[in-house]
């Protein structure tokens, strides 16, 4: 029985994809995530948490939370992910399982505004200082606009779309 | 001895920290009782900027993520995109990439080797380390056209072929560095002060390694044979003959030993790569880069930087721009989770060597 | 640990005896490496202002600006890159994507100023003293972002071609087409070459991304004969393709052909919005591409359109003049039918004479003349009235309408244009031995390069510098062409050399038929006296204003009869322009 | 606490001139100490500049740990808002005369990070820069050439950005406060 079957037996597995021989991608639900991570850590040997990541699927109104684990003995990575509601991004911390989750979650809280219940330091500033806008890594945050308004530009670029300019120029010739 | 606790900020403007970061510590006498890492001084929002740039435009960006070792970033992103877009690269490109990566690791290790001595006030090896590293930068300049930021590894292969006679010059530089290494050893390894201060400094409990996700030379100094080049070989590493270097001391001295042996290994690998370098094409033709679109997908690629496992978690959504690229620098865990715990109980004077030993590179923590 | 560890580090003192490796900058100037990515230089003469560098720049460091002394022209936008060194990151992507290789980098690296405003720089225009530097990062054409190699078009073998009138080119497969289309960098300079100003980069990009329906829709925005153009266009756009400066231009024509050929029923594909019906009617004389284009767009705008055609089939010259191995009949039928389905009325076999013309002027609010050039130019040599001397357009028309033409076994074609080549290749298909005699050199021939090559592959011989002197009768129903040789006399820069007859030399060739293909002229005898007097004619063509209106208000003209270029795409452009003109005319009138 | 010279008083006019001033400038130009603050990626090229391969110490330049002893601050590349605050603080702690050298494209007009929400685009709004060296990153040779130019300026008595800063302090402060939201900055006096 391989790991996908074992996981399917115990948890709700929405998608299981073998990306490479050492990379497995599993999608589960919000409810099933922490038990699955616990199971993977304690029984399957995926003892290391490499990364927690968040992706903003703004069209679907979802945040995708991904947890990348590493199994030292099997030499394999597993990505466990689930979709989180973008409007109410509340989730629980996995800090009790892995200490480094604290810092990762702190960053995601800062950059996406996801709330991790039980994380002791998530409200402290990690990277930004005195941030005054929506969490910047969200897709609806326009960084160019923000930068131009806040920091300005030496000589406003004409930013002409040369392609458009060219075709308009030739249109003019036609009118002649 | 005073029993009052003193709050001390080390950095960001401090010659002892390894870059633009700062550590806040509570001191009881000379001993640190609590530590906290502050980062964000170099946050340029690479991940955000990549989301609004087409794929090819990300390459000049990513090499800035870790300044001294830029090639790892380019290689990771290129490999990730190749995997998602299903592009095969020529054999020679793989070998050239491996050569560039190894050269890059070597120059970083040499600089580090001088740096660990400098962190304890021994400034001669600093001069040597940076001076000798420059010979490798000369090679990079010749090969890629840039000293620090190479933008050499692109999806599909590498940008230019090796110049005429480049291999010989690489070997010559390797000879030069190998000749110089015993002098470094005399000054650092055989130095009573260094030995006294570093042996047994900042021991890392072995169970932390897996639990915290410690990687690279730090993990190897704790006896874990964890090396991405061996565990999940990429580029041409599976065709190279080498063993993972481990030490068992768990302390800064072991980290020093691991890295010292890594220098030898790198030189050996570079020689091997040069001797095995295949002939042929070095770049496959990409689709038109201005309109290049990659189907929806996600992947995690990683490689071994000098500091540990460097990973790229890449999302594409079928458009010409990445949906999200999450860069996992090894320093994130080393610099925050590990450092905050490791510093507790240490002497304030040892902060600099510990920082250098963990080889914390702030820009990759905050991107 | 012991005394050894204390003493050993002292070994570092031996450095004192060594030669320092310090580079004594700035006393010693160290030149950067051969490939170093330093400051930019641009060859302004070579640069065409395509803006690819600005498009690929990750930092918006490159801005395209107009600079003094450089005017836009066909194939050159007149813009030049201006680089902001407060933005540049010296990645060299601009160099690697420059299609003309005019932009490159030197290995200069020192640029120090006291004011922050001195970092904006137009390479090539602002002279900095390092322009002549040879070293520096350059584009390697084979390993860059630009693909200079066209996907070759597959063709039938010459022997096979001669057996049949089936199409010579086989067309791209989907994979080939997308690969070829993906080469396009989207600069849009090709638009300058297109008389109809089609949105070339847009429909090419649509092909590259597999959206063929969108692609055809873009084409139909200003060309209802996209498939025709995909097959027989003179494709002047391709000569302005930015990739053509250093490699093969994008095969715009073949890609258009590929996209349009995919759809057999255009009604399902084209989603043109038809405007409400208006109370105005337009009569169009001549159902050639120009006339039908005008008819199509006028019908879309809600006007009532009637097209009058003298021949039994619509299509004009594309029906009568272009051989079927280049432009098959079903393809023409498909396009004409689609245009007619938009509510255009067509009257064939309707030969307009002065009487009918007066009538048309009565019933229509405006008239568009797309009558083309029907009267062939004559050689103007003695003996030309010989029955074995025939004219290429008559010949081609008869062939296309399946009328029988006897041409015998040996033919000489006089002329160097597309019609001459067509006549020659058609004759080859009838099994004749064909020679083309042209008064200039082969390189001067106005015909399409690929057509000339195709003709030669099929065994057509091309004789250069031939000037016919007279035609003589020969026995056994044959004919003799007496000709002289010409020498080329230079006419100064920018002008074609002129052929001048070498006196005293005479040669002759004995053939079955002489086919004359030296051009056609307008035949305006259908105009009633009162109109013909008012109609201004300039060097054989009807004079029109920029809206295609002739000197008589309400009468518009276009196509071969009004322009000097005389090809399908110009006729289509004229038709489109006339639509706007007619609309404005109506608005002014009402 | 001494008198708060920095904020309330214009810079003192030098009481000596002529040859003495020249000697003064000559001496200043030949002992430029650079505060060891690697604010951005340019720090990587400062290391070779100040060590044996290029050896800036030949020109009397060296790295120094504390701003109080430093004459030059090198802004090595982009500045994030968070760092800018520290840089201003470091700059204000430095003793006059003091000079600012900006390395790389980023301080000039934003460079690669022109659209980044966290990196400033124009350094001259916040600090008086004396020398701009473009490049990404400038090579050690270019950095040395920049320092050389700075020395020439000091020799001629033209490198007076620090005076401008005091004169136009309100303007600089206004710009600084515009982007630094939480202004917890002591007023230094020396």
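A, B, C and D label the chains in the order they appear, each numbered from 1.
Basically, contacts are C-beta pairs under 8 Å (C-beta built on N, C-alpha and C of every residue); 3 or more make two chains touch, one makes a residue touch a chain.
All values reported here derive from a predicted model rather than from experimental measurement.
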item: Centroid comparison with chain A (C-alpha atoms), farthest chain; value: C
item: Centre distance in Å when chain C and chain D are each reduced to the mean of their C-alpha atoms; value: 59
item: Centre distance in Å when chain A and chain B are each reduced to the mean of their C-alpha atoms; value: 24
item: Approximate Å spacing (C-alpha centroids) for the pair chain A, chain C; value: 50
item: Chain A-chain D separation of Cα centroids, rounded to whole Å; value: 39
item: Residues of chain A whose C-beta touches two or more other chains; value: 128-129, 136, 141, 143-144, 154-155
item: Chain B residues counted as touching two or more neighbouring chains; value: 40, 43, 45, 48-49, 52, 60-61, 131, 149
item: Multi-partner residues of chain C (at least 2 other chains); value: 21, 32, 55, 58-60, 84, 86, 89-90, 116, 186
item: Contact graph of the chains (line, ring, star, complete, other); value: complete
item: Chain A contact footprint on chain C (complex, rising order); value: 49-51, 54-55, 60, 63-65, 72, 77-79, 84, 86, 116-117, 120, 186-189, 191-192, 197, 199, 201, 546, 573, 577
item: Interface residues, chain D side, partner chain C - complex; value: 52-55, 58, 102, 105-112, 114, 122-124, 129-136, 138-142, 144-146, 148-149, 153
item: Chain A partner contacts - residues on chain B that touch it in the complex; value: 39-40, 43, 45, 47-49, 51-52, 83, 210-213, 224, 226, 231-232, 298-300, 302, 309, 311, 313, 315, 323-324, 326, 328, 332-333, 336-337, 341, 366
item: Chain B residues within the chain C interface of the complex; value: 53, 56-61, 124, 131, 138, 141-146, 149, 151, 159-161, 163, 183, 186-187, 190-192, 195-196, 282-283, 285-291, 293
item: Contact set on chain A toward chain C in their complex; value: 154-155, 157-160, 162-163, 165-167, 169-171, 173-176
